Amino acid sequence: MPIVRIDMFEGRDRKTKQELVKSITSEMVRITGCSEASVHVVINNVAKEDWGLGGELAAIKFPD
Amino acid sequence: MPIVRIDMFEGRDRKTKQELVKSITSEMVRITGCSEASVHVVINNVAKEDWGLGGELAAIKFPD
Amino acid sequence: MPIVRIDMFEGRDRKTKQELVKSITSEMVRITGCSEASVHVVINNVAKEDWGLGGELAAIKFPD
Amino acid sequence: MPIVRIDMFEGRDRKTKQELVKSITSEMVRITGCSEASVHVVINNVAKEDWGLGGELAAIKFPD
Amino acid sequence: MPIVRIDMFEGRDRKTKQELVKSITSEMVRITGCSEASVHVVINNVAKEDWGLGGELAAIKFPD
Amino acid sequence: MPIVRIDMFEGRDRKTKQELVKSITSEMVRITGCSEASVHVVINNVAKEDWGLGGELAAIKFPD
């Protein structure tokens, strides 16, 4: 039943996402005792133009 | 005033989305007594690569 | 797999919540073709002091 | 530490987003006393096809 | 139509929340050109025990 | 910069939450290469009365 939502910068590849999902699910199971099948992870890939930090867009603060 | 947010797999067409919005709004009104005009529904279309279930990406678990 | 999140004013009783969950789940199944078991509904009960509308707290705009 | 998430219609340009981030961060600092560096703003650009209002998609209600 | 969601530490009083709602709504209107009536602000008051920063609960990092 | 939001049933103690925050932060750092200081984790403790699964409230499906 746990739902984990991750907002992070866009651009990660499928292998990284799969590793995240696997690892976070397994930590949720180990620490909270929930079943593996019940864990949902939803990734929200955010453009640097859509993330502000300290009053400035990440697109400006951290240009590629 | 109610805000309903739906995370679902991407790929639904506009007709399906309109039907969802209409039906869920009307159920919110019927059950909670809020006004129709006050109901917001926001759909978040999630790629299978961004959804993990039971420790595995849906992109791998349910390939197209 | 769909996740439905509802922000609404606090104060609804368990019967109303159960009716919401049942009805919204059944509409999700009917319209999107997902399985009933896969639908999650999470309710967020918001105090009127924590909801602003048109620049004013609902607690002030709609006093009990 | 505050996290501000904005759902709004897609289509705003970077200058508007930068202005939003700057202004909202500065108001958060002024009103809550948090540090500027701690404020996150995440923008979610929603298509009119994914936003329902009063039971109707914004794409239908407010065509471009 | 914009929806602004603020996660911040619990404990702010109603006056502060009203000021936040008023100011953020007015900045949304000024910068994006939306109508005042259409702006929703939802505040999520988070306990320090429910917020982790840099791997540590805020309850431990910033005890009262 | 990543923000991780966890919806789970209420009732976990502070030690469990601290373990979750520590472990998930460290996995985010290891897998995505972000800095430890940049990871936020926000826990949303959901009552069984506010969680629906397969059309039924968890409060009814899984009574304590």
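What to note about this one:
Which chain is which? They are A, B, C, D, E and F, in the order written, and residues in each are numbered from 1.
The working rule: a residue touches a chain if its C-beta (ideal position, glycine included) is under 8 Å from a C-beta of that chain, and two chains touch if they have at least 3 such contacts.
What you are looking at is a predicted structure, and each value in this text was computed from that prediction instead of being measured.
With centres computed as the average of Cα coordinates, no chain lies farther from subunit B than E.
To find the repeat of C-F among C-E, A-F or B-E, check which pair has over half of the same contact pairs by residue number; it is C-E.
Mean C-alpha positions place subunit A and subunit E at a centre distance of 21 Å.
Rounded to whole angstrom units, the spacing between the C-alpha centres of subunit D and subunit E is 13. Subunit C has residues 1, 3, 7, 20, 24, 40, 42, 44, 51, 53 in contact with two or more other chains.
Residue ranges of subunit B in contact with subunit E, taken from their complex: 1, 3, 40, 42.
Chain contact summary for the complex, subunit B toward subunit D: residues 14, 17-18, 20-22, 24-26, 36-45. Those residues of subunit F lying in contact with subunit C across their complex are 7, 44, 46, 49-57, 59-60.
Contacts from subunit C toward subunit B in the complex involve residues 1-9, 12, 16, 19-20, 23-24, 27-28, 30-32, 34, 51, 53, 58.
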